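Consider the two complexes below, in which chain A is the common component and chain B and chain C are the respective partners.
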Partner chain A sequence: MTAALLLLRALRAARASPAARGLRTAAPRRAFAKELFLGTLRKEEVFPYPEISNEELAEINQFVGPVEKFFNEEVDSKKIDQDAKIPPETLQGLKDLGLFGMQIPEEYGGLGLSNTMYARLGEIISLDGSIAVTLAAHQAIGLKGILIAGTEEQKAKYLPRLASGEHIAAFCLTEPGSGSDAASIQTRATLSEDGKHFLLNGSKVWISNGGLASIFTVFARTEVVDKDGQVKDKITAFIVERDFGGVTHGKPEDKLGIRGSNTCEVHFENTKVPVENVIGEVGGGFKVAMNILNSGRFSMGSASAGMIKKLIELTSEYACTRKQFNKKLSQFGLIQEKFCLMAVKAYVMESMAYLTAGMMDRPGFPDCSVEAAMVKVFSSEGAWACVSEALQIFGGLGYMKDYPYERYLRDTRILLIFEGTNEILRMYIALTGMQHAGKILTDKIKAIKKGNMGVALGEFLTRLQDTLGRKVDLGLVGDRGVVHPSLQESAKKLEENVYYFGTTVRGLLSRFGKTIVEEQLVLKRVADVVINLYAMTAAISRASRSISIGLRNHDHEVLLTNIFCTEAYFKNNYAMAQLEKYADENLDDSIKKAAKQILEKRAYICSHPLDRTF
Partner chain B sequence: MAALRVLVGVKRVIDFAVKVRVAPGGAAVQTQGVKHSLNPFCEIALEEAVRLREAGAATEVVVATLGTKASQETLRTALAMGADRAVLAELAEGAAAGPREVAVALAALARRLQPQLVLLGKQAIDDDCNQTGQILAAILDWPQGTFASRVSLEPGAVQVQREVDGGLETLRLRLPAVLTADLRLNEPRYATLPNIMKAKKKPLEVVPAADLGVPAGPPRLRLLQLQEPPPRAGGEKVESVESLLGKLRHAGRI
Partner chain C sequence: MPAVTPVGTVPALTPVGTVTLVPTVTPVPAMTPVGTIDPGARSDPGARSDPGAPGARDDPGDPGAALAAALEELARSPPGRGARLALVEAALAAMPALGAERSLAAYKALLRLLPRGAWVPRGAVQRLLFPFPRQHECGLRLLECMERHGVMPDAEMRFLLLGVFGPRSRPLRKLQRMQFWLPRLRHLDPHPLPPRLPPGLAAARLGLQRMATEPGATVTLVQRPVPDSGDDEGSVQPYILSSQSPEQRELLARHGPDRPVFVEGPFPLWLRGTLLKYFVLRGDPLPPHLRDPPLDPERSFYFPLRLELDLERGPWDDEDFHVDEVEEGPVLALCVAGAGDRRTLGRWLAALQRHNPALGRTPVLFRLTPGGDPAADPPQGPRDPRLGAGTPGAAALEPPEDGGEPPKSSGE
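Moving on to the complex of A and B:
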């Protein structure tokens, strides 16, 4: 549990100090998700669904054509998977298209795309998993540090050649002993006598693009002297060029999926890194790492949605032609259920991804790290479920390498692991939200203790109304509601869930207090509920807009939204009911007990069913 | 080098990969919400023009189209592929045009812009007319080289290799001339994203079609009826050659 605890502490520290992004002048806006933990739904943040200007829309549609064409004609995913390599011509084609500098500003030779436009192109790039990961490792994390925390000199020096793809970048954080627990890395950078450079020593593992990259963003421990003269070990981020010397990499790892993406160990032996290559401040590296990771996460939503949409096309072709028992597969309920699942998941993922991207594109650099984490968890698990069902539709054929479904399955599995494992992200989502709620509630209690009658009265009335069974109204439906009347049912369910969630969180905080960090099974349920809440909000907001502006097939969108919201509503209610119970009532204690018994013996401990005692 | 301007005519058509459906009414094809793109043969013509400019044989490539406002995006793609500027001969929304109308518009533009070479695709993949280039050459009274599979410019002339039924025919035409591009002329480049961004800054002129002498009213070629081909009937396997012959004779095929 210390992993999450350290993560939380570090994130608290990260949020308190000025951002890595240079020009932030205002405090980060309280974005949407954290308020859900207080039972509040900040309508202004999510209604209406974000839109882009006509100009931007025309531009992004222009971009989609050539990229799609390239991926359809020049990318042989089967060969890339078999050879475990992306052919140099394909890589060059990607560079020529400009895909290596999508988010680098135009002045440095990139395309300067906004988060929304980047997400849109991600839908197409995800058609090949290996290429998607290679590009993401290069720009979403590899060079992002320079983009968001670099000085003008660093940007001018490195970005142009990274934009053209002449140099490829890699992100070096993970070590054999430090995966989820990123703060525990051991790679060290010691300042030279003359204070002009650092000597970097250490090994990094599972580095995407490790073998191809010439520019690395490396995280290492450095000695920092505190204000009070104390010497502390803090993490610093560096831009390291392969040319600095002492940089070696291992052989490519033989992976289950995304086999065309190069993953290997990277070793630094007395690598000389000039002090000008520090990203941000010395000792501020962890903040930089978290900001980098938070800023790229949301795009997994659109990438997964793009892949599922393609799968729906491929599998429906088969389902509508293949006949068994004298009926087309498409006429059987169990097959129909699978298509509904894929469409619903894709719809919700898209809605969440573009809602988050739209929020991030707003001026003022809002902090959307919790929302982005929610998108990542939902999309990775949704994608895994959908790919599995798509393969199932094909039956035996789906299992054969002649068909791409097994490759999609293998490529998708990594989504639940990298960019922050879903377990860690669930803890992050739950704890960040609960900490926010806890702080607000503590402030209220302090106010009451100080004699603030207004606050006390407000709280008393709220409790009274709760016990009297009030009707929940958060302003989504009704005369001045922001949601279109066709979505009334779903909106009401959302309001009810949000309100009940706020009460549940309050109850958990008063029951557990600070020890909540240890209760992973509780936090998991909390995270699942709030992820569903965000998903429902995104779907309702998008469907509402679709009806209002009359997009084609908006009634289908309403259908998908209602299906999702109804299912999520019941799942949320169940989870929250479980949360109200104490550990001995809701199976948590039993689960932990069983696990303890198994892990003590490191084996399955039941006697064999055929055993006898005589 | 003397200025040698190339005028390329392009057309916005339904994308080749789309499954085309007849719209209710049987008078047209469903175009609402359907993906459109630059006609593949026009792409080849444009690619050839851009290559001529890059080789130094031409000095400017102007791309033009007769279409509604939506055709602007097609022109932007053409600019992204390397054209220097674009002209849209704008039709009113819902108006249609056939090969003759396009040829009239392009002829007017040719008289305005004075190109030495006009390059078109040999036909559009939606109507497969294969007429526009020929009608244009007739209106302008210029020589024509259709189904070009190789083009090389010489001082005052152009050598064209044509794909004809009997094989390959090579002609030398005096400039100015009209050429139409066939499949094997070249392989068009991808419009890279940086080029698409640069294309935003290239000039795109909009001219009402009437100003170019395009007659108002329905096009010369009228579409009477459209219907989808009959659904494919199942095939049949036979055991021997004799029974095959028997079946064919029975069906009146031999």
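Moving on to the complex of A and C:
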């Protein structure tokens, strides 16, 4: 197998490098998701659904086979979970398959996969949570800094050995006092007197691969002289080798899930880091960190979908054989509902993930961070819900350690937390969109606030038309439409939602202005709506393509899409109706008040139901 | 056992009680022996948790039980009507002094002294014409006394009242109202105090804890009172009790030595009838440009903390304005002291400096209200109502509106 892979690699190396996969000359594009906040749907971005060429498809399929075989035959997830360790031979197998350098260009010895192909492999890798996290910590964040911001020398020096898996990478950002707050980073790098080294001191916690890694991407404070001559503390990213000395790690943390992945504290004590190991520029670490974090998220969509597809296979087998009251489980409506839910979620998150990956693979420098964040939020929550339902189908059996469902459940829980918690990502999604919409709408809103009669009247008339029932047409269906007629209903719903979402955002901006940053309950609803909109778009686009080119079972895809879109449509309408209301009407005030009373006492303050006063 | 003593005192009590036929006579001599029944009853005032609680009714340690036992003994002898009435009234007046004012059993025992059936109006017409006014008033007074001390009447009480005053009589009406309202009002106070307020330092501690509600706030005794208990507590050296939370400590550390901090006070704090005086260490409100340091744009790795927009909040959605949210400087520490002179407050500040080194470099200005020096007018708990002091007037139970003098029992 290894020989075959080596041959394959050699063959591919002879072909064009991945940089030539697309032309990279176009101007930055306006991203799709941000435009949704203006109530416009840039259909040329998402229709038709992105495809890969036949050669690429054949290429990726060649990878999929061996990797799938490896995961089915040689990975013992139960043992990994029990021993809280991935056995060395499994790690070696992963290295032989080249999975440690999936996105590293071929000239540095990686597989040089595009985002789409990376997502495809992610589907299989996710069958074991611990391995998926180990690999993701290595290449989605650990070495990403070198890949996107490193110099040629750094790449040439580190990437080959990282690609082969000889070195494992880790990403060291989190500190005891800091989750997402850069201000509380305490690790400090001071320049030595000769100006050739930085001395690194500090501790990092919860570092995935911390005990295995020999290359660390470390973020530390450095003193930087400003433009105006002031000395300021700024964050800088460093490549730190374990061999630099002074690097120690604590014992692996005992975790709820993904127990096989190695998570521990890493301490740096007077570690000498040469100045050429700074990633980007000194003081530019914040941007590096942001870029790394933003770029790694999209793959969670396909990974979750891969896991749910596997779960559907396992559970449907059971549901069709187990009998209760002389009926098979599969004949009960409540069980059928669970399978439908799993299929819909898997379908939609898969659609979102590959749509986003396709957008990222396009020429130009598409900024898909909002889309990627939406994929992450949707798929992590979907995965959690689906795994829970799958376990529920098994009932008591699912709760037992003999079956893998409890492990899946434990492993899935981390998805809602790492790579930015879903709460934080919702803020990111909503605020980034609000910022984009705000820049364009500011003048208009100001004019209305100042009392410009013309603009105000125009606004009033649009509102009037909206309330009277406007026929929204954003060009998805109809003569020049891009959606297949069987999806007409869903597309109409999407159009209507998008249009009214634009109106809602405009209303919110004029109500709250820049203070909307403080309105987290409002922003959460905004994020939920826009995630649903993107999910609807992805599903419609994919189903439309499937039906148009005649993929197998496309009618099933249409069915799933229509189910999802109808549900999402109602959810969106409800959320937007709440957003129209003021805080005292949509429960926000009450929610905050209740929370305040509880937090004041730091306890549940209701009297016991058995208490009496007389 | 205190329960033995009252039985012994009963014979002495009974003849005197029957002699004092006139109800207005000061009942001091009559009740004095009863007053000595249970000298230990008042020593641990906070021991009884909640007198009205259903479970606490027949508490064996109840000081009212002694009284109840004595009264039960009385009830066995043949009743002489007027004497019983006078006896009940006298007992009611003495109940707080006996420490029995929260004992349901004592009230029941009092009711059992009254004759059954004699004062029940016969027929509707008599009921209309305020029958047996003195007797019914006495019943009402008993219920009022219970109400004042938050004692909840129970079914047996109702049965006794029915027997004495009859259905639909004024005491019964009063009972119904009490049964309706007392349970509803029982937990009205969000900061409940113990049934009997401890004197002096302990009261100060309660008051300070009530004001400084942050969970991390620590109350420290800076200076012990000398003498440390009794009526003249703190007359040689006043107590100083200080409270500061970690958050306040942080605020003080950030305050900076260029702007002064102020010691303000004394402010009155009423705990039931006890007046405490407290002092506040506060800073001035910061000027707006210093209040919120500009956010570092490179602060949050995941989402923007600020939008670059030129849009303010619309006036129709500005719910941030509240009349009670007046701009005030931060409160940096609180203290309750037995005296408000500079020397005492200076000692408080010196103690604060131990945990707040920044305070040593910061100028401190005293803004003390003249005439409010608690040294001249030491805070005092309500004096133990002596026997014969009579029922304190309702007004004396509440702090006066103007927050001036502490209330004094009418008999003093």
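As a working rule, the second predicted complex is superposed on the first by the 556 of 614 C-alpha atoms of A that agree within 3 Å, B and C clash if a C-alpha of one lies under 4 Å from a C-alpha of the other, contacts with A are read in each partner's own complex, and residues count from 1 in each chain.
By definition in this document, a contact is a pair of C-beta atoms (placed from the backbone, for glycine too) under 8 Å apart; a residue touches a chain by one contact, two chains touch by 3 or more.
Since this is a predicted model, take the numbers as computed values, not measurements.
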Chain C versus chain B on the shared chain A, clash or fit after superposition: fit
Touching partner for A:Gly93 - first (chain B), second (chain C), both, neither: first
Chain B versus chain C as contact partner of A:Arg552, first or second or both or neither: first
Which of chain B and chain C A:Leu431 touches, first, second, both or neither: second
Broader residue contact with chain A after superposition on the shared chain, chain B or chain C: C
Partner chain in contact with A:Phe325 - chain B first, chain C second, else both or neither: neither
First (chain B), second (chain C), both or neither touched by A:Ala183: second
First, second, both or neither for A:Val67, with chain B first and chain C second: first
Which superposed partner A:Leu111 touches (first chain B, second chain C, both, neither): first
Which of chain B and chain C A:Ala58 touches, first, second, both or neither: first
Nearest Cα pair across chain B and chain C, whole Å: 35
Set of chain A residues, in rising order, touched by both chain B and chain C: none
Residue ranges of chain B in contact with chain A within the complex: 33, 37, 73, 76-77, 80, 190-194, 196-197, 200
Chain B-facing residues of chain A, complex: 58-59, 61-63, 65-67, 69-70, 93, 96-99, 102, 106, 109, 111, 552
Touching residues on chain C, where the partner in the complex is chain A: 54, 152, 179, 182-184, 186-187, 213, 215, 296, 298-314, 316-317, 319
Complex contacts: residues of chain A adjacent to chain C: 173, 180-183, 234-235, 286, 289-290, 293, 420, 424-425, 427-428, 431-432, 434-435, 438-439, 442, 445-446, 449, 509-517, 582-583, 600, 602, 607, 612-614
